[in-house]
Amino acid sequence: MISFASDYTTGMHPKILEAYAATNLEPLLGYGMDAYSFSAAEKIRAYIGKPEAEVFFLTGGTQTNETVISTMLEPWQGVIAAETGHIQVHEAGAVEYTGHKVLCLPSHTGLLDPAEVEAYIKTFYQDESHDHMVFPGMIYISYPSEMGTLYSKETLARLYELCKTYDMKLFIDGARLGYGLASPDADMTMQELAGLCDVFYIGGTKVGAPIGEAVVFCGCPAPRHFITMVKQHGAMLAKGRMTGIPFDVLFTDDLYMQISRHAMDMAERLKVIFQSKGYAFAWASPTNQQFVILPNEQIEALRGAVDFSVWEPADETHSVVRFATSWSTTKEDLEILKGLL
Amino acid sequence: MISFASDYTTGMHPKILEAYAATNLEPLLGYGMDAYSFSAAEKIRAYIGKPEAEVFFLTGGTQTNETVISTMLEPWQGVIAAETGHIQVHEAGAVEYTGHKVLCLPSHTGLLDPAEVEAYIKTFYQDESHDHMVFPGMIYISYPSEMGTLYSKETLARLYELCKTYDMKLFIDGARLGYGLASPDADMTMQELAGLCDVFYIGGTKVGAPIGEAVVFCGCPAPRHFITMVKQHGAMLAKGRMTGIPFDVLFTDDLYMQISRHAMDMAERLKVIFQSKGYAFAWASPTNQQFVILPNEQIEALRGAVDFSVWEPADETHSVVRFATSWSTTKEDLEILKGLL
Amino acid sequence: MISFASDYTTGMHPKILEAYAATNLEPLLGYGMDAYSFSAAEKIRAYIGKPEAEVFFLTGGTQTNETVISTMLEPWQGVIAAETGHIQVHEAGAVEYTGHKVLCLPSHTGLLDPAEVEAYIKTFYQDESHDHMVFPGMIYISYPSEMGTLYSKETLARLYELCKTYDMKLFIDGARLGYGLASPDADMTMQELAGLCDVFYIGGTKVGAPIGEAVVFCGCPAPRHFITMVKQHGAMLAKGRMTGIPFDVLFTDDLYMQISRHAMDMAERLKVIFQSKGYAFAWASPTNQQFVILPNEQIEALRGAVDFSVWEPADETHSVVRFATSWSTTKEDLEILKGLL
Amino acid sequence: MISFASDYTTGMHPKILEAYAATNLEPLLGYGMDAYSFSAAEKIRAYIGKPEAEVFFLTGGTQTNETVISTMLEPWQGVIAAETGHIQVHEAGAVEYTGHKVLCLPSHTGLLDPAEVEAYIKTFYQDESHDHMVFPGMIYISYPSEMGTLYSKETLARLYELCKTYDMKLFIDGARLGYGLASPDADMTMQELAGLCDVFYIGGTKVGAPIGEAVVFCGCPAPRHFITMVKQHGAMLAKGRMTGIPFDVLFTDDLYMQISRHAMDMAERLKVIFQSKGYAFAWASPTNQQFVILPNEQIEALRGAVDFSVWEPADETHSVVRFATSWSTTKEDLEILKGLL
């Protein structure tokens, strides 16, 4: 069976496996104090051109989001997110579990509108009457968004400017960062993105790593004693090598972007296949997740041969189905899919 | 350099690496819904002889402790632990972060005394005047303890009986479970231990796995929607295979106990080496952690050639030093150490 | 200066002051164990005709909401509220501070639509795919709502039926309960309301008491050790008499409803005054809060002579202004207001 | 029946009742923005001679402790307290509920020993190995302590110096502050105490007020948006006048210290009564709580005629009994007690 169910269905890039094997019996310090974690952090700093950036490796996306958000917010603050934001919808209330409110604003195909954000923020600064409300202390966005869409560099710059004006933080969830940056629609590099936010994370789990996300504090210092809070939030591993090594490999010889570009190449081919067969898309996505409208009968017919995610009903007889490519998607997978449609 | 610094300095048992490699490109469902996680859970249930037990794989020890404790306690309850307990001392306040108090009782070389526990619990049931106090709702113990010591089967049975009498839960932190059960001093099997508690976890990270701990609800059902709470607490991986596969391997052909016995064999040899050189132990430990009293000069002399953990000062000129063996300790390591003493 | 700024601008009903004075030097047990608190609870049980109901007195509305909600929800659950709900907007994130998400649904002039609620809840029961989401465990409504509007008995019954069908709780925030029940539009009594929810609270602070809200568990038992959790949440007073005495007085000789009817009588007269002067209302409110559209110039002219709350802009030159009556509003206040318009 | 059960058995000082009555129908702003709260804060600032101090009125002791502690600590910090400290023993885990650990040190008749505190703190600064522990961020003491004892000015100064050296905060729980300062053993004034801590609270509930404690940030600014966090923690009243008025009265014409001195006068007489009857004290207390060793038979004989608190068993046939005086204790009460012994 071939799978387009998600970008985390396969294990890890073979080079990471090799590195695990090659280093397996080296005794290393625990908790991220190993040479590979340090090397990975250094390579990331070099890649984004920010020698002073602070880099930490956490186990997964939800734990990264809630740890970063809750340690950067003051207790009286909440975090602004689009109503489709991962933290709002699919993280089991992890942010609220840390005591902070997610302040929802409308989603425009997964994206926040800076004008709406500013209108919302502004009210908190116009008068003193907001003592009984949760103050916006951070803007959370995903690049690419949960719907596969991308902020333009200009929009990102506007959001970051808002944050600076109103003394807020900008945090970018980059669970699929590579697939966003490698998109033909992307108008910025990771270096540029790192200059337009306070903190972002480089998704590992969905971009070739077996586990791990790299948090990069690039626009402000990391919260004091961040390591202690990563431990407190349960996002730390004793064998820090397990997240350090993958990032050390991914940031060697541009592997991270190379496999991201491969996934995007596969996504473009996938798009063409569906278009050529006459299927429509629920909305345009320039990244590795494609949202296709399929007849429910077709969906049933495909089951057993190909794996995918049924997203939501489109109408009585059709559904929106997500097909995701990844670093491990092959042309053969696509050929098989094409044959099945 | 050889290392006895801890039992998590090396990577993973080679068979786990092999299994990662062999399954790497298989598309699998995420979040623990993969065939290997199911198989591992099934093998664990079979191993402990409890077909109805519920098994979950979490990423590490701290996250396992805080998730299990906080989801099994009522909001008005705290957890009893020895003052040396890992949750009390070395988890960055993760249990308190979930809103629950750790109720400390004296440590007897790492162990709770059932009589002291009962005296403490009883007061809460003798009268109605405890409304302003935190009620004990669970007993937390480690097997082996943080000092390397072991509860006898009889003591464990007494603690569990107390829990049943007073409607509390008994939770065993088994971060080093294998090394406890494989000790010559152990008087019970994992099967027996599973019959004397409500929930325990089988340590993976310190016993050959790269990451992961297997939580086993054996004496009571898992909390409802436990999966959701594992997510909420940040202890879940998208690629659940990364914790499922190691346990599937470790519970095939008795590997878990086999490598645990190896570590204990190494620990016994290590003991003999220190004894033969005339060193004393700070206290007797029958498991893989040995606490040796070394002159501070000797400690300095060893640095650079061997890695270890300085535990605490013994007197003005001596310190307690922890040497830990593990699944990956070799006779060669021991020979080198011997030569250095 | 006269004030219609809110229903908590004056102190307390004179009979409560008298009772404080009459009992002042009696030594009483603390923490709600005094005879007046017991008597008040008994009178409330009798009034609603539910001898088995459990009644507790907490210090104020926010603390009551967050304590009731967080102690009745499971950790994996959130609470449904209208997007205008007090817990969503004006309680400084107190519910999220307890770790629970407020699940917002659209407000229809302050009210939830049972059909929308059901559509939302149903998705959680149609399939097993919601493990990563926050489950709805409670419906929170206000009677009257934050916009002054009222649920009909039929709508309330539908919401309660939904709760029973889906194993959820229904909680009614009755901060202004008397003013709702005394409204000419109300089609139910407190007795009937108590039969259509799991728990509600009888607002004291806004209905003649100086402090205090009476929580009534009428459709299910109170959470175990509720007293301990009220203490833990900081909603308890050492001198429980301070909340017990007011409710003992308010539920003697029907005082609670008598002063509520007075406030409603005043509100009806206030409406007539504005209508007679040609002012429009932003929306129809049948309770003690009236939302009048005033020219901004008029607002400025009134300042200094009368106090009120500017709610929100209506258009460039007009604003919505809230005028609230209460147990202490007098005909003289209204005459003065009339003269100023 | 006469009562020495506690210092919160009676209502409120008659002058507070009078002030409630005199101001009852004045419309006032809510949430502490009323003229009486402002006046009370001003009087407190003047009394302690610190015009820049920030003063807030909260509803009770537990809510004050958890709000102050949790808003002044960083997320990675805990609070040091004696093992007898109120926050450790009798607040239902309210501090842990906010996510922070109480770090217990030995109690010396209710007091911390600065040398022990320093030894504990120092270890956190000697090396970098404490990332997995909870850092001490605050020292919490009670003046007087839960056992009725007092810190000397010198000891307090040493504790405060430690805090300054190690960048920690010193917080004094003054639930019974007046009774401490009015003690013949007290060697400092409130003004002096305010110069030796970062924040303290002036107990109202136990010293003549019906409810309310006045938090005074005297050594550092209040946490930003403290009002919002008081709301979030449920420690705020809509009718802020209910706590503002009592403190306005108590800090007029030195009433607070005057009634405190009265209570201490009564306590001295109580001591003499017990001494003259040949009873011993469990330990020496120079404040309003006296801990007398009584035969259990005597305890039974007194029941029904006098109220008191049985503290703990002394031996098989005796118990420690607490007798507390307060602002409302009379010579007549003492005469009756004397007659009963």
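Letters are used for the chains, namely A, B, C and D, taken in the order the chains are written, and counting of residues starts over at 1 for each.
What we mean here is this: a contact is a pair of C-beta atoms (placed from the backbone, for glycine too) under 8 Å apart; a residue touches a chain by one contact, two chains touch by 3 or more.
Keep in mind it's a predicted model, so treat the numbers as computed, not measured.
Here the chain-to-chain distance from subunit A to subunit C, counted in touching steps, is 1. With respect to subunit A, maximal separation of chain centres occurs for D (centres as means of Cα atoms). Two chain pairs are in question, C-D and B-C; the one with more C-beta pairs in contact is C-D. Separating the centre of subunit B from that of subunit C, both taken as means of CA atoms, is a distance of 50 Å. Between the CA-based centres of subunit B and subunit D the separation comes to 42 Å, rounded to the whole angstrom. With centres taken as mean Cα positions, subunit D sits 33 Å from subunit C. Residues of subunit C found to touch two or more other chains are 75-76, 91-93, 97, 99, 131-133, 228-229, 231-232. Partner subunit A is touched in their complex by these residues of subunit B: 1-3, 5-6, 8-12, 14, 17, 20-21, 23-30, 59-63, 66-67, 91-94, 97, 205-206, 210-211, 228-229, 231-239, 241-242, 307, 328.
By the touch criterion given at the top, residues 31, 70-71, 74-76, 99, 131-133, 135, 224-225, 227-229, 231-232 of subunit D touch subunit A in their complex. Residues 75-76, 78, 89-93, 96-102, 104, 131-134 of subunit C touch subunit A in their complex.
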